[in-house]
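One structure, as structure tokens, below. Some questions next.
In order of appearance the chains are A, B, C and D, and numbering begins at 1 in each one.
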Amino acid sequence: MKIKIFTTGGTIDKMYFDQKSEYQVGDPQAKGVLEKANVVVDYEVESILKKDSLDLTDLDRELIRNKVESTPFDRVIVTHGTDTMIKTARELESVSGKTIVMTGSMYPAQFKESDAVFNIGSAVTSVQILKPGVYIAMNGRIFTPRNVRKNVELNRFEEIVI
Amino acid sequence: MKIKIFTTGGTIDKMYFDQKSEYQVGDPQAKGVLEKANVVVDYEVESILKKDSLDLTDLDRELIRNKVESTPFDRVIVTHGTDTMIKTARELESVSGKTIVMTGSMYPAQFKESDAVFNIGSAVTSVQILKPGVYIAMNGRIFTPRNVRKNVELNRFEEIVI
Amino acid sequence: MKIKIFTTGGTIDKMYFDQKSEYQVGDPQAKGVLEKANVVVDYEVESILKKDSLDLTDLDRELIRNKVESTPFDRVIVTHGTDTMIKTARELESVSGKTIVMTGSMYPAQFKESDAVFNIGSAVTSVQILKPGVYIAMNGRIFTPRNVRKNVELNRFEEIVI
Amino acid sequence: MKIKIFTTGGTIDKMYFDQKSEYQVGDPQAKGVLEKANVVVDYEVESILKKDSLDLTDLDRELIRNKVESTPFDRVIVTHGTDTMIKTARELESVSGKTIVMTGSMYPAQFKESDAVFNIGSAVTSVQILKPGVYIAMNGRIFTPRNVRKNVELNRFEEIVI
């Protein structure tokens, strides 16, 4: 079993550049996290976008969807900004026959206190055991794209209670 | 769904005490990890042992087994030293009707570069989605107690290839 | 001997706010750094500004100068953004009879890999042993306001070679 | 000005080896710390011993003294275990014409919360500005070998109050 990891940017990959006094999306952090965790699963990481998820266009989502659909691997992780992760997850529901887990983080992976490593641990493990479908692994839970919302005030993903 | 987390010591909880120039098992690290990850799952952490797993006796394993069996929750995580984690996992196979995930780490959670946060992320997520049974969540994989060994040289858990 | 620490913002105090997808100056980091280092010197930290140093006005510099001049303590540290640290240092040259050490960092103190702790270690130690005057403690060196420049490309402070 | 850094082991360089379930003195941490701080001073690091300072013999102290005396550089840092740092400092008092700063840490440099980076920042800066003599840079203070003790209970270096 091999896991394909597509990175698209978002907070998880944000770096800080003192020269410009600003943050920007940097290189994918997922690879470093997996190396430090010394994982014994096969995986490959491919950076397809480096964007804040608020800046993702319909074309960007089309690109993500095409990449996920056309990869020969049926276990796919997509790292993504949190603001529109749910929107992209719903787009991916039209891909069939693959287990797709989206994740990201509320704090950049480069921070001392970040949820990035925990969330990637969640995603890497759950993508191997969940049946085909689209899932969001955030805040220690596995959500489906229709039962989740980002609670901006509490800065976390939560189940939608109906 | 509520997750019960029993901590038993091991490398994951090792602290360093300069006063004595030595390491010792300290307070459970799992709680701090879950707070920093801002998880939205219910859980409670109970420290039942603070031992290097090489020092665990048959009585200690009996205690762990009894605690896991008698807890009213059917989703249970046991953090444990890596050297005899597999032995304890096999003991726990006689508990029925519960999903039990064991985890730990190769480097203390207090280290800058530790696999502890990743592994706890794996355990917390997988314990919610696996069917009843005993599992080991280490190095990005979910193992069963009969198909895993600790590769001491490479410092990781691996599948037994028959 | 007591050390007065004024914080004015800058990269060292930058936090990341996922809710707004941006970095902003947060609470002063110096206090946490000193507590973790378990220092045995008396000090007090006072936040007087929370600004990127590119945004500091003449009035802000006047405020910093007045605060430094009027504090009863003659050992003073000023944490400050790096872009205009040298400009503020030159303003402070008119304060007499005090040892004033400015410092800051190229990466936020909240980052895993930040120069903040090292630089505060430099500043706290040197402010106790330098004779009255204004100094900049950055990149492992003690500079005076007239012999230093920020090398933006190499992201470090350097001696001006004449 | 060039700084010579001799490393001798001690807590600052302690690593954790899961294979043996123990801590041992590992490679010198000072070099990594200086690289991350992006220092603009010339320095070279030489590992001469890798020992817990409680295990240092008279011969080991003779070796340290000879190394410090014979190095052509007159700015010298010695990283050292905390338990007998003061004893070695007193041995070094017989070296003349050099500024010698000893430092170390109460927690291994590999820990998330360690005083190692702060202390090395202290040492690197103070060694450049102190006049010839032997000093101990610990807990944010510069001590001389005759006015300091290690308070084992509070886990810190303190001035001897007479």
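Basically, a residue touches a chain if its C-beta (ideal position, glycine included) is under 8 Å from a C-beta of that chain, and two chains touch if they have at least 3 such contacts.
From a predicted model like this one, the values you see are computed outputs, not experimental measurements.
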Chain separated most widely from chain B, comparing mean CA positions: C
Mean-CA-position distance for chain D and chain C (Å): 26
When the centre of a chain is set as the mean of its C-alpha atoms, what distance in Å lies between chain A and chain D? 44
State, to the nearest whole Å, the distance from the C-alpha centre of chain A to the C-alpha centre of chain C. 37
Using the touch rule from the top of the page, what residues of chain B touch 2 or more other chains? 106, 112-113, 155
Among line, ring, star, complete and other, which one matches the pattern of chain touches? ring
Sort out for me which residues of chain B touch chain D in the complex. 11, 14, 16, 18-19, 21-23, 52, 54, 81-83, 106-108, 110-113, 152-153, 155
What does chain B use to touch chain A in their complex? 33-34, 36-41, 106, 113, 115, 117-122, 124-126, 128-130, 137, 139-142, 155-159
